[in-house]
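Okay, so chain A shows up in both of these, paired with chain B first and chain C after.
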Partner chain A sequence: MAKPLIGTATARVDGTAKVTGRADYAADRTEPGLAHGHLVLSTAGRGTLRSMDVTAAEAAEGVLAVYSPFNPLKLHRIKTTPDVCFVGQFWLPLQDQEIRHYGQIIGLVVAETFEQARHAASLIRAEYDLLPVRADFAGRIAHAVPPPVAINHEDPQVDLLAEEFGTVDEALAAGPVQVRATYTQPPEAPLALEPHACLASWSEGVLTLRVGSQSPVGGALAAAETLGIGLDQVRVLSPYVGGAFGGKLYIWPHPLLTAAAARELGRPVRTVLTQEQVFTTVGHRSAVSQTLALGAERDGTLVAVKHDAVSSLSLSGVIYETAAHTTSRYTYKSPSLHVGQRIVPLDSPPTTWVRAPGEAPGAFALESAMDELATELALDPVELRMRNYATVFPGRGVRWSGKHLDECYRVGAERFGWQPRTAPRPQPAEDSDQVWLTGTGMAGATYPGNLLPTTLANVRLRADGTATVATATSDPGTGMRTVLAMVCADDLGIPVERVEALVGDSALPLNYGAFASMGTSSSAGAVRSATTALKQRLLDLAAGDARSPFHGLAAEALAYRDGRVVGGGHSLTFAELLAATGLSELDSPGASAPGAERLRFAVHSFGAHFCELRVNRWTGEVRLDRWTSVIDGGTIINPRTARAQIVGGILFGIGQALLEGIRVEPDTGRFANGNLADYLVPVHADMPDFDIHFLDHPDTDFTPLGARGIGELGVVGTAAAIANAVHDATGRRVRDLPITVDKLL
Partner chain B sequence: MTDSTAPRPPTGDHQVPLELQVNGRTARLSADIRTTLLDALRDGLGLTGSKKGCDRGQCGACTVHVDGRRVLSCLTLAVGAQGKQVTTIEGVAEGDRLSPVQQAFLDHDGFQCGFCTPGQIMSAICAIRDGDTGSDAAVREAMSGNICRCGAYEGILRAVRSAAERTARQEGTG
Partner chain C sequence: MRPFDYAAPRTVEEALAQHADGAAYLAGGTSLVDLMKLDVARPHRVVDVNSLPLHGVTTDERGLHLSALERLGDLARHPAVADGHPVLRQALLASASPQLRNMATIGGNLLQRTRCGYFRDTAAACNKREPGSGCAARTGDNRGHAVLGAGPSCVATHPSDPAVALSALDALLELHGADGVREVPLNSFYRLPGETPQTETVLRPGELITRVTVPPLPGADRSVYVKVRDRRSYEFALVSAAVAVDLHDGEVRGVRIALGGVAPRPWRAHAAEQALTGREFTRANALEAAAAAADGAEPLSGNAFKIELVRRTVGHALTRLGGR
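Let's turn to the complex of A and B:
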C-alpha cells in the first residue's frame, strides 16, 4: 500500500507557476482589441451628483466612452440582497445620481490605453449637492439599533440565565468578583495585494469574465442577474487569485460595469483598480465596540458573562461583525450568559466579511476580559480558562463533534515554556536603565466548522495514467488546488504529480467557493465521493466489458488498489484497463452537502496562542519575539499549507493588534489613510519566530475525512494574546486597537 | 464642490518609440511617454510576471533589476530605462531550470497566493548578491520592502537564508 498522502507535507501543485511569473491573475491577460477602463470615484460622502463635466475627458486622446449617471451603462436592478446576489451591495453605480458614500463609483472611462483612460478620468469634474454625512461610528454608538435579522439563527439578544435571576445584570452582581470594560477597534481592510481587476469579453452573446474571485459561481450569478443574461451566457474565470481575505467573495460592481461597457463597445475591456480605489469600492470590516462584563466566584468559576457588541453597518450592504454571538455565546461555561448585538448604520463603503468575521474582534474582547479577570483574581490565565471549560454548547445541550482545546492549552503551555503567573510582573525602578520590557500573553481561539451547500466535483481517469479533479472553487493562496489533488491522488493510490486539479472556473462542477473556512471540508468531501463512485465504475467496466481481461468475473470479485484493478489473477493499471477497453477516459461526479451533524453536534476548530514580546520603555515600540500556537483542526490534510494558513492568520491578527485601522474623516466619510503606504500591514520585520503544532484528532463526526477549516482560526485570539502580553510587560491594559506607541507612552 | 487632482501631462501625441534591453534581448515598442517600466513590461512586452500591487512604490510586487540593482518598476519611467539592462522574473531561470532562489521559494513554501512572489524573488536575488542576508535579522530587514499580505514571511525567510547559504557555498568552492 502506498504511503498515505493525507497528512504528509506536500509542495503546492501550482508552485512553479507562481515562482516563474507564469501564474496568470486577472490583470495579466490581454485580448485582441483590448480597451482599458478606469473608474471615477466621488469626492463627496453623501448627497446628489448635480452634474459632471466630461467634455475634456471625452475629447481626450484615445477615449472611447465616458460613462456616468448622466450617460449610464444600464444594469438590471438587484432583486435579492447584497449577499445572495454576490454583488456585495444593494445598489449599482451609474443608475442614479445619489451619492451614498465617499469614493463610490460615479464614472467609467474607457480608452485605447491605460494611460489615456487614467488621464481622461482625471479631467472629469463633478459637482454635488451635499447632505450631512453619517460616518462617525464612535459618535453614533448612542444611536445603535438592533439588527433586523437573526444572527446564526438566534435573536440579536440572547439571554441564557440561571433560573434565580431575571436579568444578566442580577447574575453578574451575584459574583463576588467582576470585571467590566469596553474594547474598540477601527474598520479594517482585507487588502489583498492584488488589486481587484477584471477583463470582460463577449463572444456571440456569451460573456467571459476574468476576475480574481473566491467564488467564480457567485460572480457568474451576479453577472447574470445584473446584465440580464442567462447563467449559461456567462463564464467567470479565476485561475489565480492574488489574495482575498473575504474581500473577493462578492464580485462588487466594477466588473459588472466593465462587462456592460464591453458589450456596448463591442470590444474586450479590462479595468484594474488602484489600491486607493479598492479601499472604497469593495468592502471592509466593520468598526466594532464591545462591552464585556464577567462575574466570577473567587476561585475563578464564572457566574455570568455579558457581552454586548456594536458594529458599523454600511447602508449599502448587509454584512457586519457579530462579535458576541461568534465568541462569548459558547466559549465558556457560565450559568448565566448574555450576548447582544447592535448596529450603527453609516454612509460608508460596504462593510463585508473579512478574515474571521466576528471572531476576530470578539475574541480580542473576550480573551482580553478573561486576562483581566485572571489578574483580578490573581489566577493564572490558563488555569482560569480550564476552570470554565465548556464541554456542552450552552443552551443547546449538544457536545462538540471534536473539542481538544484543553489539550491545546496544555501542549501550548509546555512547548512555549509558559510560567503560570498569579501576580503582576514587577516593573523596573524609575531610575533603571532597562530599555525593553518583556511580557508574555496567551489566548484561546475558536472558529466554526461549517459546510457549503451542495458541492459537486468531478474526477476523471485518463488512459495516459493521469487524473483530473475539477470543482468550481478557487485557490486564493490557501493551497486548495494542492489539497484537492492530494485527496484525489490518495483515494486513487497514484502519485500527486499525476493529478491535475482544475479550479477557478464557474463552468466547473458547482462549488460556491473558498470562504468561511469551509472550502477544504466541503470540496474534499465531494472529491472523495467522486473517487469512490469512479472506482466502482472502473470495476464495473473491468467486469463488464468484453475487451477487458477481467471480463466474466463478478465486479465484486475485483478490487481497486494503488492505481490498479486486481482480481482473478490479473492486475492492470487503470491506464492499461482503459486502453484495453478502448476508452480514453472515465469519469464520475461526486457531491457533498451538510447533513444532520449540525443538529447532533456543535462543530468548531480550536487553538491556543502563546506569545512573548518586548515593549520599548521609552518609545512604546512593540516587538514580537516568539509565538507558539497549538491547533485542533481535525484531520490536517497538508501540514505544509496548513501551517502557512495558521501563520498567515496570526500575521493578520498581528496587523489587527498593532498596525491596522482605517481612519475615517467623520465629516466626509473619506478614508484618510486608504492606501498601502498609510494603512499599515505587517511586513517581514514584524514577524516573530513561530512554533506551530497541530493536534491529530480527526473529526469524523463532522465529515468522513475528519478535516475542519483552519483558514481563519489563526486570526482569532491573536490580538488578545498580544494585548495580554503588552499588559504583562508594561502593566498597561490597551483596549483600543491597534496598540500604537501613543497608547503606551 | 469640484474635483481635479491629477497633474496634467503635455498635450499632443504621447507615443514614443522605445528600445529596452530586457532579459538579455532587445525589445522595441511604442509607448506613451507616461508609461512606467512596469506597464511597458506588462502591456508592451507581455511580461506579466512583474505585478502591480499599488503602482506607488509601496508594496514591492513590481520589483525588477535594472543594471543589477533592484528597483520598483512602477516608479521607473520606461523611457528612463532605455540603455540599461532590465531583468524580470521571466529572465532568472535558465530554460526550465529554476534559479536557486526560485527553487528555494518552492522548497520552503515561500508564498501563498503568489502575487507578491515575483517581486519577493527579485528582491531576494539582489539582497543575496549584495550580502544583506547573513542572518535572519538581516533578511527580515532586507526583505521588508516587499509586502506579503498572505503572511508567507516565514517561508520567505527560510527560502532566502537557504539560497544565500547555497550561494555562499558555491562561491566558496568555486
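Let's turn to the complex of A and C:
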C-alpha cells in the first residue's frame, strides 16, 4: 500500500491556479453584455431618508438605472431570521426609507462600466430627517440587557456553585486571593483580501450568482427567499474565495440587489464593493467589555470564577460575541462558576460571526486574568493552569472526547524554552542605555469541535482512471479542496493528482459550507462514507457483471486495494474494470451527520501559545520576535494547510492584540477608520518567527477520521499571550485592546 | 472618478503651458489617483509629468541635487544619498511600502495631501477640502492629528517622511512657474492653515517642483530618522523625528530637529535645538533638549499622547546619535 496521504504535508491542489491568476474569483468573470453596479451608502446614522436627487446620476454617461427607496428593486421580506435565511440582517435595502445605521445601502447605480457607475453614484445627493443615533457602546454598557435567546442551549446567566454558597460573590470572597478586572475591545472587521463581489446573470428564469461565499447553499437559500424564486431556480457559484473569516458566511444584501437589477435590466450585472463599503455593508465583530473575577487558594487552586460579558448587538442582526459562555464556562476546574452575558443594542451595521466568535474575546479576558492571578500568587502561569486542569466538562459530568491540553503546555514550554517565573522581571535603571525590554507570555486556546447537520458528498470513478469528489462546501483559502482530494485519494488508493475536488457550487451535494471550524470534520466524513460505499459498488459490479473477469466470484472474495480490484487470480484497476464492463463512470453518495457523541463527550480542540516580544522603552512600540504554538486538533489531515490555518489565526490574533479596532463616532455611528488605510491589519514585518507543532492524537470518539477543527483555534488566546508578554516586559497590564503605543508610554 | 482631460507633455515649458485652472500634475500617482477615486480630488485635466526630463542625482559644491521625478525607492538605494545623509535614506525607506516607493516621486511626495480621514471623506465637514464647511476632526476621531501649528480651521498633519528629513537638512526646492525659476527653502515652502487650510504651500498656480537640493551641512552624516507608528511597515507616522547633530570635541555646535506626524508641515523644534546648541552632548543634556521638543503643543481630545511621544522620540533619536 502506498504511503497514506493523510498526515503528509501536501501542496494545495489549486495552488498553481491561484498563483498564476487562473483561479476564477467572482470579480474576475466577465460575460457578454455585462453591466456594472455600484452601491450608494447613507451618510446618516439613524432616521428617515427624506429625498434623493438622482437627476445628475441618471443623466450621466453610460448609466442604465439608478435604484433607490424611491425607485426600488422589489425584494421579498425575510420570513425567517437573519441567520437562518443567510442574509445576515433583518431588513433589505431599498424597500423602505428608514435609515438604520451609517453606511447602509440606499442605492444601486448600474452603468456600462465600473467607472461610470461609481461616478454617477458620487453625483447623488440624499436628504435625511435625523434621529439620535445609539452608537456609543461604552456609554451604553449601563443599559445592557440580557440577550433574547439561549446561548449554547443555556441561559444567559449560568451559576454552578459549591453547595455552601448562595452566590458566586460569596464563593469568591471565600478565596484568600482574588483578582478582578475589566477587559475591553473595540469592534473588529473580518477583512478579506478578495473584495466582496458578485456577478448575477439570468437565463430562462434561472439565476446564476457568482459570489465569494463560505456557504453557496446558504447563498442560494437567501436568493430564493428574497427574489421570490424556487431553490431550483438559483445556482450559487463560489469556486474560489479569497478569504472570508466569517464575513462571507452570510451573503448580505448586495448580491440580492444585483440579482434583482440583472433580472429587471435583462443583462448580467457585476457589483464589486470598495473596501470602504465592505466595512458597513457586511458584518463585523461586536465590541466587548468583560469583567472577570477569580478567587483562589494560596496554592493557586481556583475556588470561584466569575465572568460577565457585555457585547454590542446591531439592531439589524442577531449575532453577537458570547465571550463568557464560550470560554470560562468550561476552561478551568472550579468549585464555583458563574458566566453571564448581556448585550447593548446599537444602531450599527450588522454584528456577525468573526473568526473565533466568543472564544477570541473571551480568551483575551480569561487568559489575561489567569496571568494576573499567577502574578498575584507569585506562581508560574503554566503551573497555575495545570493546577486547575479540567478533565470533565463542568456541570455536565462528561469527559472530553480527546483533550491533551496538558501536553500542549508541556511540549510548548519545552520547544519555546519557557522559563518558569515566580517574580516580576527586573526593570533596567532609569538612565540605562537599554532600548528594548524583553518579555514572554503564554496562554491557552480552546475551540469547540462541531459537525454540520447532514452533509452529503459524491465520489465518482471514471474510466480514464481519475476520480472526482464533490460537495457543496467552499474553500475560502482554508485548503478544503486539497483536504477532500487527499481523503478521497487515500480511500481510493490513487495519487492525489488523479482526484478532482469540486466545491463552491450550491448544485453539488448538500453541504452548508465552511464555518465554525467544522468544514473538514463534516465534509471529510461524508467523503469517507461515499468512498466506502463506492468501493462496495465496484466489488459488486466486478462480481455481478457478466463482462467482468471476476464474474462468478462472490463479492466477498474480492478486495479493493491501491486503486485495483483483486481476487480469484485477477487484478484490474478500476479503470480497466469500468472499461471491461462498458461503463464510463461509477459513483456513490455519502453522508455524515452529528451523532450521539455530543451527549457522551465534550468536544474541543486545544492549544497553547508561547511568545517572546520586545517593547521599546522610549516609544512603546511592540515587536514580536518568536512564537510557539502546540495544537491538539486530533488527526491533522494536511499539516501544510493546517500550519497555514494556525499561523493565519495567530496573525488574526496579533491584529486583535496590537492593531485592529473600528473607531465608532458615538454621535453619528460613522466608522472613523472604516477603510484599509486607517484600519490596520498586520503586515509581514509584524510577524514573528513561527514554530507550530501538532500533537498526534486522532479523536476517534468524535469522528472515524479523528479530525477536529483548527481554523479558528489560532486566534484564541493570542491576544492574551501578547498582553501577558507585554506585562512581563514592562510591568504594565493593558486590558484595553489594541495595545497601541499610547497605552505604553 | 470624474471624467478628465489628459495631457502628457515632454518639456517643463509644455507642462506649464498645459496646466490650467482646475488641473493637477500627475507624477507617481500614488496619492492623486487615490483621491480622485474618493472624489476628493476633482481635476478637470491631469497633466502627466512623467515624461519630463527631471531625472538624476548629482552633487556639486552647492550640495546634493535630487531631480523631482526620482522615485523614492531609487533615491533610497542611491550611493550619493546614503553617503553622508543617513537621515534622508532612513526616511525614504520608512515611507509607505516598496511597491509605493517604486512609483512615488520625491517631488510628488513633498506635495502629498494629508491622511486626515475627514479630508478623505466627501460626506464630512473639512475646510481644507471645502473651505467654510468646518472641521470634523477637531471634535471627531483625531488620534492621528496635529498638536503643533494647527488652528481652529484645520488640525490635519502632513504625512511625508522625506519632507521631515529634508526639513532637518535645510533643503531647497527649485520651482518652475510661468514667471520663471525660483528657489525656496523647504522650511518656508509649507504654510500653516490659518484661515486658509486649502492653501498648503507657497506654490503659485501651475508652478512645478523640479529639483530638491540638500546643501552641504555639518553634521548631516551624524543624523537619524526615528519613525514611530502603529504598524511596523506601510503606515504613516504617529510621531517621527529627523535629527542631525554637528558635534565637535563632544560639544554640540549645531543640531537640527524636525518632527513629522504632529503638525501641518514638517515641524522644526527650535526650542529643543537651542537647548542643546553649545552644550556637551550628554544624555542629561539630550533629554533636557528633548523635553522642549513639543513646546507650544496643544492636544485635541484623542492625541494628547503625542506630546509625550514627541519628547520620547526626540530623546531616543538623540541618544542613538551618541548623546549619552
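In the analysis below, the second predicted complex is superposed on the first by the 745 of 745 C-alpha atoms of A that agree within 3 Å, B and C clash if a C-alpha of one lies under 4 Å from a C-alpha of the other, contacts with A are read in each partner's own complex, and residues count from 1 in each chain.
Quick note on the criterion: a contact is a pair of C-beta atoms (placed from the backbone, for glycine too) under 8 Å apart; a residue touches a chain by one contact, two chains touch by 3 or more.
Bear in mind the structure is a predicted one, so any value in this text is a computation, not a measurement.
Set against each other, chain B and chain C differ in how many residues of chain A they touch, and the higher count belongs to B. In the superposition on chain A, contact of A:Val435 is made with chain C only, not with chain B. In the superposed pair of complexes, A:Pro195 makes contact with chain B only, with no contact to chain C.
By the document's definition of touching, of the two partners only chain C reaches A:Arg663; chain B does not. Contacts of A:Gly649 after superposition: chain B is touched, whereas chain C is not reached.
Looking at the shared chain after the overlay, A:Phe114 reaches chain B, while chain C stays out of its contact range. Of the two partner chains placed by superposition, only chain C is touched by A:Arg623; chain B is not.
Contacts of A:Val683 after superposition on the shared chain: both chain B and chain C are touched.
In the superposition on chain A, A:Thr740 makes contact with chain C only, while chain B stays out of contact range. Residue contacts after overlaying the shared chain place A:Arg12 against chain B, while chain C stays out of touching range.
In the superposition on chain A, the residues of chain A contacted by chain B and by chain C overlap at 43, 61, 115, 118-119, 122, 675, 677, 682-685. Of all residues in chain A, only 43, 61, 115, 118-119, 122, 431, 433, 435, 616, 618-621, 623, 658-659, 663, 665, 672-673, 675, 677-678, 680, 682-686, 740-742, 745 touch chain C in the complex they form.
Residues of chain B touching chain A in their complex: 1-6, 9, 13-14, 32, 34-35, 39, 42-43, 46-56, 58-59, 61, 88-90, 93, 98, 102-103, 105-107, 109, 111-118, 121, 139-141, 143-157. Of all residues in chain A, those touching chain B in their complex are 11-12, 14-25, 27-28, 30, 43-44, 61, 113-116, 118-119, 122-123, 125-128, 130, 191-195, 240-245, 272, 274-275, 476-479, 640-641, 643-644, 647-652, 675-677, 681-685, 687, 690.
Contacts from chain C toward chain A in the complex involve residues 1-3, 37, 39, 97, 115, 117, 120, 122-123, 140-141, 143, 226, 228, 230-235, 238, 283, 305, 308-309, 312-313, 315-316, 319, 324.
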